[in-house]
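Take a look at the structures below.
The following pair of complexes shares a single chain, chain A, combined with chain B in the former and chain C in the latter.
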Partner chain A sequence: MSSRSGVWRLIMRAELREMWAGGRVLNFLAVFGVLLSITAYVLATNNDLNLLPLKQTVVVALTSTITFGLFIGLVMAAESVSGERERATLEPLLLTPSSHRQIVLGKFVAAMSPWPAALVIAVPYVVVLSHKDPVLGVGLWWGAVTGTVLSVIFVGFGLVVSIWSDSSRVSLFICLLTYAATLIPAQLPTEFLNSPAGQVVSALDPLEAAGQLLTRAVAEGRGLSEVWPSLAAPLVTMVAVLVVLFVVAAPRLQLTVEKG
Partner chain B sequence: MTQTSGSVLDGTAETGSGIILSAQNLRKSYGSREALKGLTFSLAAGRVLGFLGPNGAGKTTSIRILTTILAPTSGRFVVDGISSDQPAKIRRRIGVLPEGLGFPRQQTGSAYLTFFGQLYGSSAAQARTTSAELLEVVGLQNRGGSAIGSYSHGMRQRLGIARALVNDPAVVFLDEPTLGLDPRGQRELLQLIQRIARDHDKGVVLCSHLLAEIEGVCDDVVIMNAGQVVAKGTVEEVIGRSDGNGRTLVRVHVPAESVPVARAALQALPGSGHTVADGDSTGWLTVEFDPATIASSTAEHRAKNGVLEALLTADVPVLSFDGGAGRLQDVFLQLTAEAIQ
Partner chain C sequence: MWWLVFKREFVDLWTSTRVVVLLVLFALVMSVTSAMRQLESQLSLIPPVEMVFLTVLSAISFGLFVGLVIGADSISGERERATLEALLLSPAKPRQIVLGKFLAAMSPWPVTLLLAVPYVVVLGQGSPSVSEALWLGALLGGLMAIAFTGLGMVVSIWSSSNRTSLFASLLVYLIFLIPTQWPGSIQKGDLGYLVQQLNPLQASSEFLEKVIVNNRTVAEKQPYLLAAVYSAIGVLVVLFVFAAPRLRLAGDAPRLRVPRLRATSAATGLLVAAVVGAFVVLPVGAARAATGDQGLAISMSLSHRTVNAGDEVEFTTVVTNNGGQDSPPLNVAMNIVKTGKGEPVDPEDWSPERTQQIDGLPAGEKAEQTWTVEAILEGDYMVYMTVIPKPSGPDATSVPVSSPGIHLTVKPFAKQNPGGVLPVAIGTPLVLGLLALVPRGLQRRRSRQDVEELVG
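Our next item is the complex of A and B:
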């Protein structure tokens, strides 16, 4: 007999097979590989011309990796439940004795899988860009930590939206709009970001906060005691998203989305 | 409402008499709109119950309540002795083939069944064994290793039925299982459904728009209209009361030129418990029996045989003989007339 706790593993395996063997994640990773190659070439060139410090090239490469890794996980999560509703494969799952929380957990873990794959793909690029400087180890460590925290946030958010959307088109639209919104602060003028209002925006945006963390920890070489405030916003957001996902949304997972 | 006795009871029996599914006064409202207005019926093991009704009659709502996907606003039901306030336990005792079920295209049929077997608590080895057995039951033993994406529509429906049986359920719900199948596929699937009920002693609830299908396969029938039950009973009972007067009709098709001879032969039948309607230009004649003359099923069969015998004795070629079959459609149209209008 498979134990009650084993149900999420079964769901996760089925999801992984569908995502990876179905080619969806691989297609995204192939595009990611090409984009990262172009980015790495530009960064290496700028570094050779002394336009960009070596440590900053590592931060930019890691930020690009995290940004794209999050995107893949978010897309997978956004359509994991609403897509099953559209394909009429959700009902058989809901008809089994499996708890809805177990079903959501399995889907959550599976949708997290693109992030470590993206990180693994990025390692050779970061190694080359760092010229084997000690910044390599620090960069990979902080990149893995911040990327994992942000992945949990974005995948969890994508699943919440997917649970409450009756079509993957709707859930993808909401998720991509949110994703784009989190990228906006990075494009704002430095003067604004240094202002009190800008600092509030940066603190509230987990992506911006993670970028600042990487800059302080990797490019500026600051210690944990100095960078943890930048980690606070992503960590608080992560806990909030997990609570909403597993305490509020998962038990209310239904075959159809009741409106009104 | 046409309501008859028989195996479709009043829903009060929960155990005993082989009753494995009973619903009592199930209601479902969406705001001020009442989608289901008091569903009450019972189903015995080994029998097939047909669920009929026009679009919007409340069939799917009923099935979703009985399969625990939806919670009823009021009322209760019992599956295999388990009350509706224990939905997780009920899900262990039911199998469902939803309408328009989707499948993972990359997965093989065997892996699909094994996966669901494990979700119901079987070990991987047990689930694989069950999967192989079920693939044989539904005639897919040679295609279990193929990706579901390569299956025809009929094969997918068979796989869906196998999935519905993976937990050895007491009651199987099949929602439009033959939709989109060719005639041969329909016939094979219906035979499979009958075998599941008879050989495996399961109660089967079959939702369908194909009335001939219900008539040919089902033992009992529930006809719904606008959220309420308008007729229920065995198929014969419901058909027998098609016009509300309990009349039984026999329709005979003969060559148009033989109509006068046929009519004379039928009017000369012994006894006065029947009337013969005028044959029309297409050659159809209708014989109507008085309920008093066919009080028992033996008497009814004898009377129908008498019609056929009289025609053959008069040397009238019989092109078609309808002794009751095919008239569920008439009952359905009559009882659901309001919705159709």
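Our next item is the complex of A and C:
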């Protein structure tokens, strides 16, 4: 029983090897580094111009880290099951003695792995931008918490879509469309975002909620008792995604996607 | 021949459910958001013109997204379904095939715009900006649809699978979308404005907002239009001059003199080239006193100063009551005006404190104020102060007194290593890029060993 329950570790190891040694994650992290460098340079310039306060600079650097970082996990997850289905390698996996939930768990943990790497890469940028202000510690702590919650949401969502898609083209399209949709509320006018409907939109959009949480906790220095409403929506979404993934989707993982 | 390809593609596109489903989805999202915006407009007084802008922007964003997805599918999809060979064996030239497919992939854009018209008209509530918003939206949306559909097709020509082309196209789209998440204060300053002007998505949004909402002229905001124009031209040139004639059955990236390009890097390079083509040169750029009718005078400690962007300028003002009576409460307000053409100055960005109050000045008395101006943009400016006496009642007014100006010349931001960020900004991607090369090197070595074993 114990060996069966450890099968997810084997799957995770195989996935990790493919993702990291195959170079896919490293390619993404290289692009991530370029994007973060451009962002950091603009932030440092505008901070020197007194256009952006130091704390806000740290918040934007962390938000960018989360926005870019969780994209990698989402793409890995979106491909993980539908990609195996497409390459006809899902069948041997389903024939192993592991339960479907263990297969999904192994893939889930592996797809989560780019996020800590992205956070570690972002640390030197945040350290330099914060000028070693005490906001650094608070920022990194809240950035890690928020990013991990969001990463679970996006990786879980990517896996759910992948389980229910017959090709990685479909799963990638749906996931990237959803990701793009979560970026849109930030472009809405402030008047709208401050209105009740805007606040609902912000709370429902995990990326927008994370941005607000970081602003309140890091830039405004508010405590947990004041920032929890911004954390509540992502936490509820995270639990819902995990339930859908492990209770609904994973046990129904099939070789083909049943239509209708 | 291109006409036949276009007709076949057009019929395929519109008889399949894909585009229709996407358009229905678009109409649904527009209906819901329009209802929400209308409600919010009544509650929080969002001006109709702002809702017109948002609706036009949504239509453009959706139109270019659909064009990108269809473009990305157009060639690699045929390749994957093994139908490209038959097409290449037809008498049509590769360029004609690409032209036919390109025009068909562009067809959802006018439909999207037509779908958006009723929403714009209703939300505009008779605003005179509606017609201007629609024609500017049509122009800008058309350019963006050309640029992004063309981008999708270039990537599709160079990709062996739909998955690769779709992923590469959407990745480039997201790279352009991500800077729109930055807060407004990052999109200011010379570098912020430059990034904004180079990114077609940001530039289009800024152009539309300023022209439709803020009543700026098209000529004034022209630099923001150039990103879309140059992107469209650049992509068309690459598509029809470079990529289309090299359309092959296999989806390899073209062989250049430099090592072979992969689809993703080709797409990124293409867009970067188009954007760099859109590079827009940003606009380069003893105490005196004034006395008013009521005997109020204001003097400045500075007459002119040349500084670098990022420097602070401190000065003092002295308000004197030279009249025979005590003055009412006074407000001293700072104004900053650009002396030439260019972006108008937002004083909020330039000074943390724009007004100071004085609780009335007895006759013959003086009051001194200290001010700070943060020079954020290169250019030539005039800083002046205005003393505003509080009117005695609702039916009265007062005569403000202006000070002499401080002529402020701001030179470009000179720091090449702001905040010491440069070593990290260069070093980190470099190390990550080298790390990313390791698996490729290992794979190459492994395949070489396999070949040697086979030969041996």
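One rule holds for everything that comes next: the second predicted complex is superposed on the first by the 258 of 260 C-alpha atoms of A that agree within 3 Å, B and C clash if a C-alpha of one lies under 4 Å from a C-alpha of the other, contacts with A are read in each partner's own complex, and residues count from 1 in each chain.
Heads up, the rule we're going with is that contacts are C-beta pairs under 8 Å (C-beta built on N, C-alpha and C of every residue); 3 or more make two chains touch, one makes a residue touch a chain.
In this text, all values refer to a predicted model and were calculated from it rather than measured experimentally.
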item: Fit-or-clash call for chain B and chain C when the two complexes are aligned on chain A; value: fit
item: Superposed model, angle subtended at chain A by chain C and chain B (C-alpha, nearest 10 degrees); value: 120
item: Partner chain(s) touched by A:34 [first = chain B, second = chain C, both, neither]; value: second
item: First (chain B), second (chain C), both or neither touched by A:45; value: second
item: Contacts of A:14 with chain B and chain C, given as first, second, both or neither; value: first
item: First, second, both or neither for A:255, with chain B first and chain C second; value: first
item: Partner, of chain C and chain B, that touches more residues belonging to chain A; value: C
item: First (chain B), second (chain C), both or neither touched by A:197; value: second
item: First, second, both or neither for A:22, with chain B first and chain C second; value: both
item: First (chain B), second (chain C), both or neither touched by A:96; value: first
item: Which of chain B and chain C A:87 touches, first, second, both or neither; value: first
item: Touched partner set for A:236, first chain B, second chain C, both or neither; value: neither
item: After fitting on chain A: smallest Cα gap, chain B-chain C, Å; value: 6
item: Common ground on chain A, meaning residues reached by chain C in one complex and by chain B in the other; value: 21-22
item: Interfacial residue positions of chain B with respect to chain A in the complex; value: 31, 64, 67-69, 88-89, 91-92, 94, 96, 98, 100-104, 106-107, 115-116, 118-124, 163
item: Residues of chain A that touch chain B when the two form their complex; value: 1-2, 6-7, 10, 14, 17-18, 21-22, 84, 87-89, 91-98, 254-255, 260
item: Parts of chain C lying in touch with chain A, wherever the complex brings them together; value: 36-37, 39-40, 43-46, 50, 54, 57, 61, 65, 69, 162-163, 166-167, 170-171, 173-175, 177-178, 180-183, 185-186, 188-189, 191-192, 195, 205, 309-310, 312, 349, 374, 376, 413, 415, 418-422, 424-426, 428-429, 431-433, 435-436, 438-440, 442-443
item: Chain C partner contacts - residues on chain A that touch it in the complex; value: 21-23, 26-27, 29-52, 56, 60, 63-64, 67-68, 71, 75, 86, 121, 124-125, 128-129, 131, 167-169, 172-173, 176-177, 179-180, 183-184, 186-189, 191-192, 194-198, 207, 211
